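What follows is a set of structures to go through.
You will see two complexes here that share subunit A, one where it goes with subunit B and one where it goes with subunit C.
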Partner chain A sequence: MAEPTAGTSLTRAAEGLIAIVLVLLLAFIPLVASTYLIRILTGIFLFVALASAWNLIGGYAGYADFGPTAFLGIGAYTTGILMTQAHMPFPLALAAGGLCAMGAAAGIGAVLLRLRGHYFAIASLGFMLVMEQVAANLEITGGGSGMNLPVARGFTPFYYWMLTLALAAIGTGALVPRLRAGYALGAIRGNQEAAQVVGVRPLPYKVLAYVGSALFFALAGGVYAYWFTFIDPPTVFDPDFGIQAIVMVLFGGAGTVLGPAGGAIVLKSLDILLTNTSGLLHNVFFGGLICVLVLFAPRGLVELLRAGRRHLPDRRRLQRSGAG
Partner chain B sequence: MGIGTQIVLQDAVNGLLLGGVYAAVAVGFSLVWGVLNVVNLAHGALVMLGAYATYWFAASGHLDPLATLPVVGYALFLFGYGLQRFVINRVIGTSFLVTFLLTFGLQLLITNLALAWWTADVRSVTTAYSGWALTVGAVVVPAVRLVGAGAAVLMAAALAAIMRWTQFGMAVQATALDREAARLMGIPVARIYARTFALAAATAGMAGGLISLSFPIFPAMGTGYTLVAFVVCVLGGLGSVAGAVVGGFLLGLAQTFASAWVGPNYNNIVAFSALILMLVVRPAGLFGRAGHFRG
Partner chain C sequence: MMLLEARSVTKLFGCLRAVDAVDLTLAAGEVVGLIGPNGAGKSTLVNLISGLERPTSGTLVFAGHPLQGEGPAARARQGIARTFQVPQSFGTMRVRQNVAVAALFRGQPAASVPLALREADEVLEFVGLTAKADAVAETLTTPDLRRLELAKALALRPRLLLLDEVMAGLTPAEVNGLIAVVRDVGARGVGVLVIEHVLRAVMGLCSRIVVLHHGQKIADGARAEVVANPAVIQAYLGVPYGAAA
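Let's look at the complex of A and B:
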């Protein structure tokens, strides 16, 4: 974090101003843009929200959750069931979906987050597969044949829902490093044993990060369900949502505030341009991208750029000291 | 013998036959994890490639899947060698997330290229003996499944023998125990890694060939088998052939009995519950020792 000097408070004010202008611009876009552009932007906001949400557990806590889509599915199904069976208004059903996912995350997280590394990653992926099978076996979800949600009147509300979600997820990501929990998570990520020695109990903080990440995945899932009006187990429990979010976070820089959002914007735009919504091409693109990214920039593009900038003056200083 | 006992016996036999295939899938996965410390999420994709290779031999050349097994294994050996030497070797020793993501990316690439070339059609291999079955008392044992499970156990035994009694196997064990010490003793670690991965790929390919005898094959089949391999390794313990075989039988039995008693659509729930239970109760598995590979 930046030290509180006179200079930074000025730049902080400028940053705040830029952010406000940007948000206002985004809020006005639907008034002038084509339906196609609005739809694409909505899709990008979805992934900004997912990537920023995954960053809470994967970036700040350093726990590679490979099954965050479990919560997207829980949110989608809770919203869908409450809207069709209980005739609840959408915002209430959405909130209930978020609460449901938080409860599930707290329960399963208290067990899974005791595991580490590969074990946590696979166990979280396994949890997602279990939820998919549960949804396919239950009657209230419509089983394997899926369920239809009421059709919304217009498309523009989804733009604002996703925009709000994306901003809220980024905001949460910005807030966390300033909180006590943020420091605790940083310590846990760095060295869990050392964190314990200085009195940080790891499990509650890890569960907190997991629950926060689950909340945004579930809300995104609820909006997604109402937006697409039809859900079935393979679509809302598609591991692809989570994997894309992970790659976007790595691409933009894990554990940074704006990195995940940047990664999501860049990769989703590229994805739309290059693969033109062909599922097959999309998967080949992401598979290839993951390999290239991991091999050549394992700490994300941001780190690569930062390293390049830092190298120059360092080398100069070295040469000078060598000459002197 | 009552009808209840007969059903239980039949389920037990089915479970063991399924478990044999699971063991064949898991031995290579366990080998790579134990020696290279890489959880190879592309392992299932290699199984899929083996199944397709077997299918093409059978469909276009009318060759018997068992006869082509060594060819399929050798092809996958070469593929695995290249994959390790030129791709995976670059991330050995980095954080697990990096190797995890890389192998996931490879899985995504292989699966979707297969989907592009071979379409999503579900295929199956039919042999002259596909309809044959042994009947012991009231228990029916389909020939292809017996052959598949038998060949799987033989393959696991051969791998165990290689690990225990050949110079290569001992070098692999030494590398798994202590990479640096092995290097100091003159073991070419990079080559051992590549050969170990290649050997694991060969077993995955042959497992795919055995699977094609009695299960449907399609490009996306690999993901399920990767999860199976992981669960089997956790059950049996990481880094031993015996562990993978016993873990495979356990999972096969658990899934078969669960599908008989609860319903057919609960296999992932059963596998995941077994995984969590094992990780909580005995994280090292039944036979496991971390960072070690035994024959």
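Let's look at the complex of A and C:
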């Protein structure tokens, strides 16, 4: 949230240029890279999207949502059902999944977001468990035996879907702090009563952040379902999606624009390396990492970098104090 | 018409009468002091007026309209601003952004975020916090946080300003600076209720002083009269004002 209110147009232009070059590079990768690398990157984009999405509610609003996977599941099942039963084209089914999740988030958020702290965290987790049971017991979802989606032709489209989602989620995260709603969320995160006495009504903005987060989880779920072609309740309501996203956000820096994406890239890459080495090592590493994180960098890497920079002479800051 | 009128306002916490049948009036442009020992109910009264607490009984009337079910946000939009005794900044946001929140969410909000930020800069200059405009709020010292509290309240363009110990912990020079600021606010027609233990500030600012003790109003009148009142001396001052010096 604490982004500079006045950046020079030169640094902004440079940042924009770097971003465009990066995006173009990522867009060209599938033309030259191996299938293996494309798959790895798609998996990373998935978590960049999830972490950036969780940051909306967990970072900007400061509401620890432990059940974001509920919306991933809703997106996956809505997409699957509409493609298999209504024979809808994938993009349309995906959009419907996003809308469904937004509706569900608005409804459940208006109730749950009145709770604070641990109460909200537990309630949101409960909501996810309920949704998993609903999916496991309905007929239209195929119940416990799951559901098969049509098989897509080629893998590359999924790369671009996930890349688009990841960029859209980062873009939303970059936009929010500049909006009136972003100011409301920053105030709510800081202190809800203090926010109220300067005229901010907390609930609508919390619901907005929750709905935005749900949208990206649902879209990611829809793409995931079509990508893996088979879904069942334990797969798409796996709490691990949410937990990994949370750890990535905390690792990178909650409430920052690029922290969650950075956290996702670093941790997912490590995850892939360690899983290839040993499954046991992988679990030990992530358990240990959470402990280290909470103890030494409770605000994430971004804050560590910032703290490090504070000890160095910052040319921009010197200029500013000289001018003032 | 009075800007604020409290009629027999009572707040019970269990069997504790935190505020006990208090009557209070405050006119536009009037700067009234609210003093009393710790636990007298001063902050609770501010919570009742700003809407963070609901009175157990009694009514509050603001600019002719009874304040019934309105929450704190609605009251802020009507022009009731307050500061907190323990400063409550929006820690992750910059100082300028903290103040801009109020400009963006008051009754007639700033039209855009850039306009709100520009306005925030003006308010920060007014309270003497310009040098810290770019600082992240949680890095501020307590005196600066108190200034920020005041800046946020002023950015609401209030009609009624409730100041809960904004001068605590400031140096005498800083107190003088804030006295000038608050006097200026009152001169612009804002009604100000000043809760303060810094008696010099109360004496310098307020022509009228209200004294609370055990939730009850024990004095309400002209400054000289109130500080000479034996009940006030016994409950709060200890010695007549000026005698210690």
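Going forward, the second predicted complex is superposed on the first by the 294 of 324 C-alpha atoms of A that agree within 3 Å, B and C clash if a C-alpha of one lies under 4 Å from a C-alpha of the other, contacts with A are read in each partner's own complex, and residues count from 1 in each chain.
Note that contacts are C-beta pairs under 8 Å (C-beta built on N, C-alpha and C of every residue); 3 or more make two chains touch, one makes a residue touch a chain.
Just so it is clear, the model here is predicted, and its values are computed rather than measured.
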Open item on the list: Going by the contact rule set out at the top, does A:290 touch subunit B (first), subunit C (second), both, or neither?
Closed with: first
TODO: Quick one: classify A:88 as touching subunit B (first), subunit C (second), both or neither.
DONE: neither
Open item on the list: With both complexes overlaid on chain A, does A:111 touch subunit B (first), subunit C (second), both or neither?
Closed with: first
- [ ] For A:187, select first, second, both or neither according to whether it touches subunit B, subunit C, the two together, or no partner.
- [x] second
Open item on the list: Let me test your reading of the model: by the given contact rule, A:255 touches which partner, first (subunit B), second (subunit C), both or neither?
Closed with: second
Open item on the list: Quick check on the superposed pair: does A:179 touch subunit B, subunit C, both, or neither? Answer first, second, both or neither.
Closed with: second
Open item on the list: Under the stated touch criterion, name the partner, subunit B or subunit C, that contacts more residues in subunit A.
Closed with: B
Open item on the list: On the A-aligned overlay, A:198 touches which partner chain: subunit B = first, subunit C = second, or both, or neither?
Closed with: second
Open item on the list: Does any part of subunit A touch subunit B in one structure and subunit C in the other, and if so which residues?
Closed with: none
TODO: Please give the residue numbers of subunit B that touch subunit A in the complex, ascending.
DONE: 39, 87, 90-91, 94-98, 100-102, 104-113, 115-116, 227, 230-231, 234, 263, 265-269, 271-272, 275-276, 279-280, 283
Task: Contacting residues of subunit A [partner subunit C, same complex] - done: 1-2, 4-6, 178-180, 183-184, 186-187, 189-191, 193-202, 255, 320, 324
TODO: Would you pull the subunit C residues touching subunit A in the complex into a rising list?
DONE: 50-52, 71-73, 75-77, 81-82, 84, 88-94, 96-98, 100-102, 104-107, 109, 113, 116-117, 130-131, 134, 136-137, 152-153, 155-156
Open item on the list: Using the touch definition from the top, list the residues of subunit A that touch subunit B in their complex.
Closed with: 64, 66, 111-112, 114-115, 117-119, 121-123, 125-127, 129-130, 132-134, 136-137, 243, 246-247, 250, 280, 283-284, 286-291, 294-295, 298
